[in-house]
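Given below, in the form of structure tokens, are the structures.
Consider the two complexes below, in which chain A is the common component and chain B and chain C are the respective partners.
Up next, the complex of A and B:
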């Protein structure tokens, strides 16, 4: 967090309302997102309790597992949720554009969950489903492993900065608004919405108090409130179990509809609030460079889609050494680019970086527009130098490559020197690109005296790191022969994973 | 020397029954060691949940019956048939060579479940084992005792195993899953801290008869469900750092007298319980008493301390930066309140010598935000 964002939080505290942190929404919002609100049972490992799913506010479907400890019911749930999600994903696998190896689907699915816990719940569900076998003693419907693999793909992709195929709504809200509460409390959708848009007739204080009262605002999941578990849910599940043991069909139907009603009462407020949050986010303009990241999402979606069509294997349980290193490399690169893109698009984010000394803006006080140098290949090229006077606490060193949101695209520069000048700083930069091919720089491609200009570091192009092939991994980095998970083709005990507490 | 401090602590608690430290409240020590209010409430054995509720900020900590049931079922399953499943794990998963194995149930001694009796028996068998002439290798629910600030706290580990490499090992059975070899780090940490209290208590017991602390390993054995199954798996967790941290905090409780000395005379958190256990003391009076003791609120407290909601409302009333959490706080080193931050940012307050740099940075940041608002802002 920078000083500027911290100050925004203080301002929010003082004014008792959320204040904007960015000018734009840096995440793409699909015109047809699929909202999933997953609920899990407390204490069980990834035992789904219920989910509400749908791609429009009025079209939510509630799926409930009456006895989450029962394996068959769990997978019946996974299959019906899976069918909805796979149908949704399939609806984007059409209208492919472009030819040859570069053709792509023009749009991607987008799944929105209320909070980070929702992503964790989907990750667990994906892990639970993707190795299931569709034949043999513990067979599950075909859609279950397919669903598991897609969920795992989406969860992995969500780790990458700037992507928008699977997002927590609290995350997008907190990227755009600063509240007068901590990051921990911002994870609570109701608390966060209390600051941004309190319900009509309520003050922020009242809305915050309501948000933390599970009887007014049930938790957005994935865990339900312990009071609800003990007071309502446990007796209801017990009635269901008793009816089932006795084989009393009427009591069973009654118990089941009771359970649905109880869970609906817990999940519907979150469902409504999630759609309110989405509507609110639509009112924030989308940042220009979001489209560039969206195209990458399209490429990733197309390529995974093709991989699935070719009958690809489920993702392995643990990355190999090379896979992990590659993945880390991608994640780092995506983060650097996302940060730079945001600062380029958004004056708020740029100001944020400026307050931390990672970017600067000021007025050109001196320019040498006709300066040229001779390159190693004996070519004379323009290398104009300009000096900028800035009040920002610049912490960039000489030789840092720069980009500028205030110059025509393609403009590139490098820092020559950073010198203090009273309470300001003089930064001299050499323009290295974006001046056209002529001996003389194109008009408007070099800053002129008295011009206001901002610069930020260029994340630049980095070659993809080279790693040895999988058959040439040194012994220090390869899994030992007996270790499980080394062979993705044979996930151990895939079908027969034992399931406890069956009744 | 000790007596007056104890008297003062008793006076703080008032008429309520003394609550002893449990492994959980000891673990809380590690989460926010610098909080005076928590230190005093714990040391005096006050009922934090009741006090917070009476002061108008009931704590939201309930445990789901599902989680409890799952925990119990899992523990029973691991310990069934003289810990057969556990032994399989120790041998197969952790590849230990355990020759002959005994099992000693210390849950109650001949039907007597009193802590003192169980502790005496525990002491007897553990010391025998340490001296090499006890048959037991696995001790189920031994009752350990740790003096904390001059008071006995009885602690009950799930299991203590002996002779894994000739040393005692604390075995912690938890019902959160280890999925593909990875478990939730916060849960592992909480489990480890809890186990640290057992390690320290066990070492204490042995030290009294001159057995070196090396006899108790500072590696704990964590047993938890594997993946999504009910089958257990086990892992070693290195607890050296947390043992050291908790030992340090325990030593600090011994010096609770220093904290007590700073309190005004006659301060008490007594709820004035009547014979129906209803609190009769006016809530404002209680809040006033609480307000006299400094608290170190952090948003993280909301996850584990019963007093957190009270402390948060107090921090809000004081416009403390603590409410916004460490990420915001660390940007404004040396400044405590939002009022001060804005005062310096808008140039309404004159910075002290130490604040000059911070004030300059703040004014710069405020200027940037003002420029943005002129530009039209986000909305």
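Up next, the complex of A and C:
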């Protein structure tokens, strides 16, 4: 935690009120998000219990698995949830713009879940569904594997920083507001909302006490409260089982509606709170560069959509050596860019980076606007130098490439030297870009003395790392073929089951 | 003392090198791994292996991790083999250091085509990753434990066989991306290249260099026990070869002098400040570390070793201060200017990551756990403490607040255990305790 965010948390504790950490919301909020609140059953990994799904506060659909251990019921649940989600996704697959290979859909679906656990639950559901076969023994409806593949796509995409197709609401809230509680406690939607916007008539303390009481604020999932499990859920499931064993249809219907009611009581408070959080987040202005990242989401959505249309295979269970290396490269790149974008857009985030010495702001004390150099290709180009005096603890080395939110876009510079000057620091930078094509820099493209200016490091362009082709995994990353046949480094081969692993 | 049946350190080291070169010449292995403890002559081995390969008609390539490592290697190669043409594969904005520019048998090139006349080509892994064609018989991968598996994947097509040289006890490569996706996979891209290569190839010979030429007899057994518990090593010098002496006597009996005297006499000192929970930027700790360096320079010291048997005065460049965080390094640099000694700013101050592979006469360490309330995985990492406490040829002084042992006891490692992930040795928690137990014998309360 940096100094400024630590300070914000302290301030929140002292004033018993959430403190904004950022000036903007750095995540795009769709005008028509789909909220899913998944619940899972305790005791078995990835056994769905229920989900509430809908794209408007008043249009929530509750889906319940009466006996989560029963695989048929489980996949019937996956099919009905899948139909809703696929319908929602399909509604964005229209109005394609642009021609040729670059055409893309102008909007993307956005699924919001209450917390990080919700994403994990969807990941498990996606994994459970995407390999299922739609014919032969244990067949499932067509929509199930399709749903599984889309869920996996969304979960994979959500791992990448700055994307907005699948987001946890607590994550967006905690990115914008600092509270007086720990990071772990911030994952509890009810207590996070208690800090930010306590219900009318309640103080933050009262609202937090309510948030910690599972009878008043049931957990936002995916796990349900153990007390509820023992006291209400287990007997209700038992009644349902008994009725089914006896074949008593009336008792079965009664048991099923009992269960629905019980679960509705657990899930509806979270449903309402999630929509309240979304309304609250809408009131925060969106950061300008969000749109740039959204366009990348559109491109990713379009290309996966086309892949699905061409009958593409489900995603692998485990990444290959080359796939994993490639993915790590993308993830690191996306994170660096997202952090830079946030600091560029947002003075609060910039201040945070400045306090850590990763950016600086100050006043221009000296400028050499007419300096030129001759490049290797024998062309004279302007390379003005500017010295900035800053009080920030600059920790950037010479040759760091810089961006500036206080200059016209396209402005680029590089650090020449960083010298201490009493309590302050003198940073000399050379302007290298954004000055136009003429021999004399365009007006306003070079900082002038007494101007206040901020700089932050430019994550810059890097060529994408080149790996060997996916069919040519080199000897260092694959077991040499021909030894035993099976790859000893692929544990699932040893643990294959009749229904499970092979397809 | 060793019995007379034991080989001398020099003989043991020579035998290890011979075994490595024999395995290399044998050609039946795709790869060789050489584990090297701190200061065990890794670079010497790289130079020697390159020479053997060149003599055998090969055109080896050398992959290092940073530009300064490449420059160091080239200087050593050029000095050892003045007749061999050496190429340095560099990025477009690389400017040769003056020392490198003066070498006559070295060519700097931007692409392989520029270096067609060179017998040995050296470059950073990042630069080799941009080379798209050409395959060489052998590659020597220096500091390969610091090379991430995804980087290895980018350069592996450039060579048929690899000699992986590195120090397994130092800091592991890391990623800023928090993902659990690849945990337990044999080809986890966030692992180091050597681990991944060994996971996929059975029967790769793993050699180790048995002698540390850097660490003095006072330090080698402790470092070996704490950080290399299964593959020990010994010091290359014998007792009494290395010594530090003051040029002046101390006036007054300050705690700084007491600590310095302890370090000079025994090779270790723990300068223990009163127990207190403090932020890592604690002024007292930082100023104390700087003052120790300043006081050492004020009093002046004469270092005797196998290279300078009649002694050599210690300068600021022989001293380093090692810290865990970059902001601490900045504060120590500022504190050095306040010590009053005009040479003090010449003392090297850096984080563990940047001190890797470097060597000083005296190292002052700010203990990563000093004054902390909790022991996180970052601060417990064995590699970090190992790097910090194994850079010195003469003495190591640790500055810490009292209470680290209690802190360790109340924070046993709680890292989650994952399937298919081998337990990591040495364990950071245990290594920290071993070091503390040793330092307790050299404690000076401030």
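As a working rule, the second predicted complex is superposed on the first by the 478 of 503 C-alpha atoms of A that agree within 3 Å, B and C clash if a C-alpha of one lies under 4 Å from a C-alpha of the other, contacts with A are read in each partner's own complex, and residues count from 1 in each chain.
In this text, a contact is a pair of C-beta atoms (placed from the backbone, for glycine too) under 8 Å apart; a residue touches a chain by one contact, two chains touch by 3 or more.
Computed from a prediction, not measured in an experiment: that's the story for all the values here.
Within the superposed three-chain arrangement, the count of touched residues of chain A is higher for B, of the candidates chain B and chain C. In the superposed model, A:230 lies in contact with chain B only, and not with chain C.
Contacts of A:126 after superposition: neither chain B nor chain C is touched. By the touch criterion stated above, A:20 is placed in contact with chain B alone, chain C being left untouched. Residue contacts after overlaying the shared chain place A:2 against chain B, while chain C stays out of touching range. Look at A:328: by the touch rule set out above, it reaches chain C but stays clear of chain B. Once the two complexes are overlaid on the shared chain, A:395 sits against chain C while remaining clear of chain B.
Of the two partner chains, chain B is the only one touched by A:45; chain C is not.
In the superposed pair of complexes, A:148 makes contact with neither chain B nor chain C.
Once the two complexes are overlaid on the shared chain, A:318 sits against chain B and chain C alike. 318, 393 are the residues of chain A that lie in the contact sets of both chain B and chain C, per the superposition on chain A. Per the touch definition, chain A reaches chain C in the complex via residues 159, 318-322, 324-325, 327-329, 331-332, 335-336, 356-357, 393, 395, 463, 465-468, 474-480, 483, 489, 491. Residue ranges of chain A in contact with chain B, taken from their complex: 1-4, 6-11, 13-14, 20, 22-24, 41-47, 124, 127-128, 176, 180-185, 212, 214, 223-227, 229-230, 233-234, 284, 317-318, 347-348, 351, 354-355, 391-393, 485, 497-501. Partner chain A is touched in their complex by these residues of chain B: 60, 62-71, 73, 77, 175-177, 179-181, 225, 227-231, 299-300, 302-303, 319, 321, 323-325, 327-328, 331-332, 338-339, 341-342, 345, 361-362, 364-369, 371-372, 375, 377-379. Contact residues of chain C toward chain A in the complex are 30-31, 129-130, 132, 149-150, 152-154, 156-157, 162, 175-177, 179, 181-182, 185-190, 193, 196-197, 199-202, 326-327, 330, 420.
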